[in-house]
Amino acid sequence: MQLTNRSKQVSNKQMTFAERIYLPAIATGLGITIKHFFQKKVTIQYPEVKQFLGPVFRGRHVLKRDEQGRERCTACGLCAVACPAEAISMVAAEREKGEEKLYREEKYAAVYEINMLRCIFCGLCEEACPKQAIYLRHDEFVPVFTERDQVIWGKDLLAENMNNRYLRKAWTKEEAREQDLKGVEAEPRTQL
Amino acid sequence: MTETAVAPKDTADLAQGEKVQYVNELTTLNLGPTHPATHGIFQNVLTMDGEKIVAGEQTVGYIHRAFEKIAERRPFYQITTLTDRMNYCSSPINNMGWHMTVEKLLSIEVPKRAQYIRVIMMELARIADHIVCNGILGVDTGAFTGFLYLYEKREDIYEIYEEVCGARLTTNMGRVGGMERDLSTTAIRKINDFLKTFPPVLKEFEKLFNRNRIFMDRTIGVGGISAERAMSYGFTGPNLRAAGVDYDVRVMSPYSSYEDFEFDIPVGQHGDTYDRYMVRNEEMWQSLRIIEQAMKNLPEGPYYADAPEFYLPPKKEVYRSMEALIYHFKIVMGEIEAPVGEVYHAVEGGNGELGFYLLSDGGRTPYRLHFRRPCFIYYQAYPEMCVGSTISDAIVTMSSLNVIAGELDA
Amino acid sequence: MTIDVALIIKAIIILLIFGITLLIAMYSTYGERKVAAFMQDRIGPNRAGPFGLLQPLADAVKMFFKEDFIPSQASKWLFILGPCLSMLTALMTSAVIPFGDSVKYESAPGKVWDIPVQAIDVNIGILYVFGVVSLGVYGIMVGGWASNNKFSLLGAIRAASQNISYEISMGLAIIAILMMTGSLSIRHIVEQQHGGNWNIFYQPLGFIIFITCAFAECNRTPFDLPECETELIGGYHTEYSSMKLGFYLFAEYINMFVSSAMISSLYFGGYNYPGMDWVQAQLTSSLGEIAGHNVGTLIGTLVFFAKSLFFVFFYMWVRWTLPRFRYDQLMNLGWKALIPLAMINIILTGGAILFLKPLIVSFLK
Amino acid sequence: MLTNQSVAEEIIRKFGDDVFDFEEPFGMLTFSTTREQIIPMLDYLKAHPQFQVNFLTDIMAIHYPDRVGQEFCVVYHTHSFIHNFRIRIKVFLAEADVHIPTATGLFASANWMERETYDFFGILFDGHPNLKRILNMDEMDYFPMRKEYPLEDPTREDKIDALFGR
Amino acid sequence: MTQDIKIVEAPEGYEGSGFFATSFDKVVGLARSHSLWPLPFATSCCGIEFMSTMASRYDLARFGSERPSFSPRQADMLLVAGTIAKKMAPILKQVYLQMAEPRWVIAIGACASSGGIFDTYSVLQGIDRVIPVDVYVPGCPPRPEQILEGIMQVRELTHNESLRRRNGPEYQALLASYNIQ
Amino acid sequence: MDFSSFLNNLTPATGFFYFLSFLTILTGLMVVLSKNPIHSVLYLIATFFCLSGHYVLLNAQFLAAVNIIVYAGAIMVLFLFVIMFLNLKQEDEESKTNLTKIAAMVTGGTLFLIFVAVFRKTQFGAFNAYSFDSQVGMVESLGEVLYKDYLLPFELASILFLVAMIGAVMLGRREAGDRHF
């Protein structure tokens, strides 16, 4: 049935004599594979060589702290709502006197847990966060687990380590776009 | 599945239709659900006379995940993550299809640039989808190597995805109202690189298979279906086109500026495996053409629509202005009411017409969301296509149909 | 005493032949994986030892310590017999292949022993190989049937019909060679191809038929229907685990090596190579009669291995390039293409021997 | 080119009072009919020399627990390739009587779509050759897509309400 | 190959002039860890990522694991990649039962490990409901790198496992808790 | 002649002969006695091997090889093939009526009588070591006899085979419009 005038017949089932006797096509095929035999291999030797995963890769979560090391999270719960896997849970608490060094906002997450096996790394929590608190690291994965009871990560694992801070080129996509337009060199996709 | 000690069912029951006198004893072969050739998961109970199939019946639902039920509990923007996992070989098409459905419901006009970016992503996804299908067809006919050559290029597509959205397979790409981020210079470079490096690889793949008599013998006349039966069985996409009907949603009811692009609709002759293979192959070339055109004519401008109620405001605004913060909260909580109405939107997915039938009662979630999943609809023709052929044919037919379990079982 | 030493040398040669056959088969598995990887732009095994050289060892040890599973519904003895038969027949074949010329040993002055580098030189060597190869299918059939699994049975049935069909054209292809050489002894055939006078130049068609049939007899792609993974999971060895599986896989590689050795013996002159007379003369003149001869034999043997290994590589090369046939196409090819071709080849050869040869001989005179 | 107006008029002329509730949401001709008329309707559209609505895009159902007497709605999406014209037909059914004739005689594709609809909503397609569950397990004793049934897996043990964050 | 890759190290043992002794367990463990044949039980998205892992760029073959054994008898590790619905669970269990000891199980991805986003009536909430799991790989789907991490974790387990573990009472108790004899 | 002296006089060749004969008869009996047809076929193959051994003892290497190639290698494979296809197992055990049993007894008894009669009349030829031609069973002498004395029957037989083969191929030919297989 012809519905449009853009159709194009593509399949030709008539074989020529050369095709009929198998050998030329086989020889071509063998030629292609032997060519690849001597070509450079594309394999990345993974555990030793690590590849850069792109500036916006959605890896493991981190609860950012600000410059003074205070937690940014204010336990608003937007990330938990935005999570399609319902993997995030938190308990909010009021900041007490003397805790200003620990928490930036007046409310903070006393408990912040992510079920790492439920998480689908969709990035919606990062997008939902109004406080620049939760990020998905572009340079690290969640490690593998051997026990089911290791999988719920609390703040001890999620909160950023001040000695080994998580850095990234741009913290929002607008920022990334500005830098991109300015021509800030993108990180090369090679070894990490 | 190696366990074949199935209770010998009354095989005559399986041979639906007229009673045939079989000289030989019939055996029942359980193909799947974990047979390597079923890739995804479905079971084919084949009744065989020697190596010849006399009847078949499929059992599906082995990864039924209740997408439609979940969709009734999730705000619109979270449903994107569901569509990712439907046809996971070409998730961006699903993502975009869903966004366009919602945009249709909300009557949002998406700017040209976003539309073009979407087209680029969708065509990349189509290439990725067809790579898997044609590569696997190669694997199932016994030639593994060609598949890996193509798969290398698929990794390049993944890199582009990663640059655009941050994930490889389940992309969660795009947002209601546009794209979540613009194409970065790296992404543009990578797409251009891909446009340059993919054709030689595809040519090589074609040289390995297209005119190789072993492959042609394996596929020509195998699993054929007439255009009429194909229409009756609800075939769409490459499988219908292979039968000779040039139905393509991109041309018939253009969406996302497809009317701007110049491309052909490849069609086959008899709807057999070779036709399907050739059509998919040609579609990859056509997709490349579309991407080329889109990259060349990529308009400047915003990459998201001016719809503050639905598109998340820039983060900077959120930190600064109260209004943006309120919108931000409302959008994330899913509290912005959608209009009441019903909308059907179809896109040309990797396997055919991927339809979204969205019924909204004005709440934060769809009242009912139905996916028209092409795989589910055409897979029922499989017994008819493989009866009378051998088990090898049945397997080749199955892989050329490109049945994606996630899409099949919802 | 003197006889004993000769016997010991013979025994060493026999042991070496079997040892080398096993070793080559073992490293063929590694080679297969590396070749596949390289053709697919990958690297292949490289963690077990330098360049992954210990990979076959790791596989073997693992298989030895894997649970040996006998399905409850299988017939136990036949289930065990299957892989044993496969391995036995595969190993038996290498006995009559001449790996090299001969080793000379002077036990006493003037008393020189001439020991061929071959396990046994039967004067019906080809028939022996043929007979043993035709038995190889029993291992597959018995194993496949005993597994009590439909996929295995299908694999076994395919193997049986395939092997029988391709044996015929293989035999017919060899007959053309026999017509040329007039001997059934493989050593004779090899010796007649002295220097660069290889049969491939006289029998190109026969060679193509033979190698196709060899692929089919070894169940290698494009004829790997008995085990093809995507259709029959593992075919006849679906139910096998542990070392019994190892035997099956191993037998396949031994068969591959043996048939490569046959190809190089029958069509590529075995241990002969162009200019070998000159090399031999140089060696004898520089090293002395006996030592020179032995070194010459060694070089010949190495040449033979190089040829055989090339064909082993060719097997792998083809496997990772071509799609496989369908069952009926395979039968069609065997019965409708190869057998008539082989017959035509015989007629042509006969004609050439009867008419062309005297013509050329008289012309040269 | 077919217009919604002309097609609707033609259908009304043919079926009279059996078609009602004409709508055009987002340009697609939508109307309702009765279950007695649905198969003749599909047949008519398919055989119509001009319309040639010969492609069944989709069959699905909707559950409206609040509409008494019209709890279930079966929706047919049909498509005329020649004119690129889509029609949506709805049939409302009461919960007490969820029978509707099958369309498998007209479209082979209706087979599984109807089975799926049965599986999800329990709608009985009379005359269907093989009306049994397709996606869910045969042992399942309810129709999961009906609004009253929960989504979540009831056996999930690690489900603490606190985890949901809302 | 300019980069140094970590190849196998000789197992711990006693070395003297001309001899090297090590425990049998270690040698076997070492061999096993370099020859883990996977049985890909790939049902959905993660299966595609597993294909990537097998493909040229990540090349599972480097660890000697490229031979997929679709027959459970021959496989050493079961890679469950993708959603396992309740309809599928008995089949998964059967495949596990058909595997020959020693066997390891990796749950790849959120769905196989815990059900992921599919907390629904039809999806099994983690395959550890039906079979014992050795390694969970998070991610939806995990990147090939993560799948490789998971496989390397299994290699670690294999390497250090005692030959007698599979006959030990602890293991029997574990199996018994899943109603597996 | 008592048994020990018999053993003492046994040359390797005769010893081998007795051993092979014993095996031949044993496997031959097992062919008949096995309940499972597959086992019967396998015993039959073993019988052929023993017979080939006898040929070798007779210095008829060609016949030995051909016996294995043709009978064990091809015909028995087909036997096995057919039996596997028919999937005969323990069924049909009761189907033997008294009539069949009687008929079988009569036939068997007659055959036995004929054998006895034949053996009674048989005269063993004297073995003369000097006039014995060791090459009589070799390929060359066989070829000479076949192509000189029995040329016509040989050629006729080969034509018969050729015709049969071509006929088989023709029968297997696909009719136009027929689906393959």
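Each chain gets a letter, A, B, C, D, E and F, in the order it is written, and its residues are counted from 1.
In this section, a contact is a pair of C-beta atoms (placed from the backbone, for glycine too) under 8 Å apart; a residue touches a chain by one contact, two chains touch by 3 or more.
Note that the structure is a prediction, hence the values are computed from the model and not measured.
Steps from chain B to chain C, minimised over paths through touching chains, total 1. By count of C-beta pairs in contact, A-E exceeds the other of the chain pairs A-E and D-E. Each chain gets one centre point, the mean of its Cα atoms, and the points for chain B and chain F are 61 Å apart. The centroid of the Cα atoms in chain A and the matching centroid in chain B are 23 Å apart.
Chain centres here are Cα means. That of chain A falls 71 Å from that of chain F.
Centre-to-centre separation between chain A and chain C, using Cα means, comes to 51 Å. Contacts with at least two other chains are made by residues 81, 84, 135-137, 144, 151, 158 of chain D.
Multi-chain contact residues, meaning those touching two or more other chains, occur in chain A at positions 1, 3, 26, 29, 32-33, 36, 41-43, 45, 53, 81, 84, 86, 115, 120-122. Counting partner chains per residue, chain B shows two or more touched chains at residues 2, 35-36, 51, 61, 64, 66, 69-70, 81-82, 84, 145, 148-149, 152, 170, 208, 212, 214, 231, 245, 247, 252, 390, 409.
Touching chain C in their complex are the following residues of chain A: 23, 26, 29-30, 32-34, 36-37, 39-43, 45. Looking at the complex, you find that chain E touches chain A at residues 3-6, 56-59, 62, 110, 113-117, 119, 126, 128, 133-140, 142-146, 148-150, 152-153, 157.
The residues of chain D lying in touch with chain B in their complex are 25-26, 28, 30, 54-58, 60, 62-63, 75, 77, 81, 84, 86, 88, 107-109, 111-113, 116, 120, 133-137, 144-145, 151.
Here chain B touches chain A in the complex through residues 74, 77-78, 80-82, 84, 145, 149, 152, 159, 162-163, 165-167, 170, 172, 180-182, 184-186, 204, 207-208, 211-214, 216, 220, 227, 231, 242, 244-248, 251-252, 263-269, 274-275, 278-279, 281-282, 312, 314-316, 318-319, 325, 328-329, 332-334, going by the rule given at the top.
Of all the residues in chain D, the ones that touch chain A in their complex are 81-82, 84, 158, 160, 162-166.
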